[in-house]
Amino acid sequence: MFLRNHWYIAATPDEIGRDLLQRFILDEPVLFYRKKDGTPVALADACPHRSMPLSDGALIGDTVQCGYHGLEFDGSGACTKIPGQTNIPPRCRVSAYPLVEKWRWVWIWMGNPEAADPAAIPDFHWNDDPDWIPTGGRFYIKCNYQLLVDNLLDLSHETFVHPSTIGNAAVAETPVRTESDDGEVRVLRQINGQPAPPLYVALKNFTGNIDRTQNITWTPPTNIVIESRSMPSGSNDPDMILEYRVLNGITPATATATHHFWATPRNFAPEEDVTKAFHDGSVRAFSEDVEVLEKQQAMIEHQAALRGRDPTWIDINADQGGLLARREVKRLLESEQAHRA
Amino acid sequence: MFLRNHWYIAATPDEIGRDLLQRFILDEPVLFYRKKDGTPVALADACPHRSMPLSDGALIGDTVQCGYHGLEFDGSGACTKIPGQTNIPPRCRVSAYPLVEKWRWVWIWMGNPEAADPAAIPDFHWNDDPDWIPTGGRFYIKCNYQLLVDNLLDLSHETFVHPSTIGNAAVAETPVRTESDDGEVRVLRQINGQPAPPLYVALKNFTGNIDRTQNITWTPPTNIVIESRSMPSGSNDPDMILEYRVLNGITPATATATHHFWATPRNFAPEEDVTKAFHDGSVRAFSEDVEVLEKQQAMIEHQAALRGRDPTWIDINADQGGLLARREVKRLLESEQAHRA
Amino acid sequence: MFLRNHWYIAATPDEIGRDLLQRFILDEPVLFYRKKDGTPVALADACPHRSMPLSDGALIGDTVQCGYHGLEFDGSGACTKIPGQTNIPPRCRVSAYPLVEKWRWVWIWMGNPEAADPAAIPDFHWNDDPDWIPTGGRFYIKCNYQLLVDNLLDLSHETFVHPSTIGNAAVAETPVRTESDDGEVRVLRQINGQPAPPLYVALKNFTGNIDRTQNITWTPPTNIVIESRSMPSGSNDPDMILEYRVLNGITPATATATHHFWATPRNFAPEEDVTKAFHDGSVRAFSEDVEVLEKQQAMIEHQAALRGRDPTWIDINADQGGLLARREVKRLLESEQAHRA
């Protein structure tokens, strides 16, 4: 069960072109391509005739031709040709999903198309702003998307999962403040006068203790912006500020697999080698998360199969953000279901 | 659910010998071997004692010995020895399935043995006729058998799946005539004055347009004969006729896997290099079908798991043959079930 | 469904050390390690917080630290630290399973800890006795544990599965006597004046017929001692006696996987090259069993899926031991369930 009347990141703009691309989103196979004028298209990726994936067919102009029996569909999902016959039944069509390119990502709307308002796309402007130097990527993680939301709303795990990059003892030992209103969840952590983690030392040559801010904002269903700012304790030197955002677009592929679109735009040191260090450090840390999340998912699946129910968990203080986000998702799911009924 | 009171191709004669062979047919594991006098034997391939596959045992004379506890079974399925005891309970036996060697294939009957009439074996005589030069093979396809029946009863797919061998635009654009009587389904296509597909040009050096006949006959449960005849448009030169049959014995292995026994006997150019060209072209085309069918099967399984029911399909004109065959199979299945009850 | 209030072999002593070890036992993931003083510890291997396997964490002193959020648990399963907070809810703990090191194995108790009486550990003393020369190992077999119990309670299979080591025609042809009392099952075979099997000839240079004793004792749930003694027929020469035990600790990993802990202590020829021959012969024979058991399990799973129920088996005389053991396990399971309810 997924929230459908929301925007999810489907791809980076360069992934969608004149080659047919299949990607599972919210458990649905989706076909992506660009029309000749560059407009991106997303269609349900199963021919309504006999379920052949359209992504195994051919792109002819702006039309996709099924690779099995040659039925053709335009970018609106309408069937435009059935070989050997002139009559085309109107219900011979596939769903077309609204797409919007924004913040250097392509966003998809898998719910009621009439409700697809681009203004509802979350503010990820740092990824497309001349004052910020972006870098980013995508991970495919074999876990339910909520495990990744939990992960990003509780950064105390940095201490144990990322000790060689962004984590040290100070993170887990510093309690957070959690706020929630208007369906938004914020988890705020202020670490003062503590050592810098290894990646920060490498990037900024911090020699003493630092003050470090980690402010996380979650908006439904799965958008997470982490505001990260560090500077030497007691310093006012703007050149010594290490500031970046971690932008996370978390898109369920299936019930047990997730696309993690991420970017870490920063506002200092635009040099390419710093970008490379930032990118490599991010990839290293996120790869550590992938390993943890897939092991966690496997254990949850084993426990669920053994007991015939989801495992019962003990909550700790640091979970408050994740629990509030799960509660809000549950409320929104019930609302979507009530509207459908 | 499979039709059982019918003949299915189980193997080619050379596959069955003095080595024990296991093959799944209609979801049942079947053991094949030949007696010393050459008679082929088919037995249920699970020891009734503790379910060990008998095909992992040994052939001693005409008797198979289980490789675990040494129980022995003769070619009728009767147990002839239980080590360490003299009493053999009569119900200690395995099913023996009637086999008939005909048309250079071995046919198996998995239903009521008393109803096994060799006269009901379909006419595939072209595979064993001095006037025809045969070649053939077997594919194991990870799809339900009905997808392959559909495939062979609607050759419009040649245009899109086989453009480098037997397909071109003319096939899909030429409507078929579909006939059905006495439980037999015929799909007839006559293409006149159209270019020849690439494999035909290579085989016959056609330089102009051709007239091409494709007449398909399906008989239950899964036997398909395709009569194919082509000649230059307006010509009467018998040397320029390209005529062959495509014989298809489609044997369900499991609900999601199928044995495709095929042969393409022709009545021209008996030279070995033509046979090789014919064989290679057939393998190439059928391999393209395997790819399509397995992708189609995977998508159907995904849709069924997601929606909790079989996908709903849009039918087109070209589907009429496949739909009639499916309807006849349904009718026969209900009849078999009624007889059993 | 497994019997829980019994001792099972969990590991050999050298497998448990300062590295965290995960092993599935009775379908539960279990974490093993040793405290600094050498005491072995077994804990449920899933953090109660968010199901992360603790075995992916770190051992700090005698405490295991979860690799995700840093919760710490001592050897009793109690949580001793939750980073960022001082309050530790008492129900934040994991099960600790009693362990006992005996007979050079580590035994685990997965049932009610208060009922864990080390005196109930079966007598496998031959594996830790100066008069006996032990050798042993462990197999991981993808089958239900009862198939291995059946295997070891009916050695007639030696004739067919192990003809190159311990089996020959005499084994299967010699009937057994089966006894049962006090929940113990004994299967006794006395073979007189028959040729020696190949491994025995290699070990003892038997040149004529031998008298061979195979006495099997099963105690619940899965402990099997095979007493094996052979000597030249009519001889009284103590130097010509070939005597050993086969000790079997059969520990269910999951419903379809089993740990087979085995040892073959002997009381003759303490030389290392004889130990190596004995070890290699045992490994060879047990490997043949693994192959049989995994094929049997696969066929049983296919039959169960196809028919929607366990396969119906024909019993033979040699099955009596296995049937009595299965009946006793069923009785004990019902008793455990009644006590729990």
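Note that the chains are named A, B and C in the order they appear, and that numbering of residues resets to 1 at the start of each chain.
Going forward, a residue touches a chain if its C-beta (ideal position, glycine included) is under 8 Å from a C-beta of that chain, and two chains touch if they have at least 3 such contacts.
Since the model is a prediction, treat every value here as computed from it, not as a measurement.
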{"item": "Residual chain clusters - chain A taken out, nothing else repositioned", "value": "one piece"}
{"item": "Between chain B and its twin chain C, rotation from the CA superposition, multiple of 5 degrees", "value": "120"}
{"item": "Copies chain B and chain A - interface residue numbers shared by over half, same or different", "value": "different"}
{"item": "Computed distance of Cα centres, chain B from chain A, in Å", "value": "47"}
{"item": "Junction residues of chain B - those touching two or more other chains", "value": "none"}
{"item": "Chain C-touching residues of chain B, taken from the complex the two chains share", "value": "27-29, 46, 48-53, 56-57, 65-71, 82-85, 89, 91-92"}
{"item": "Chain A-touching residues of chain B, taken from the complex the two chains share", "value": "150, 154, 156-157, 159-161, 172-176, 292, 295-296, 299-300, 302-303, 306, 311, 313-318"}
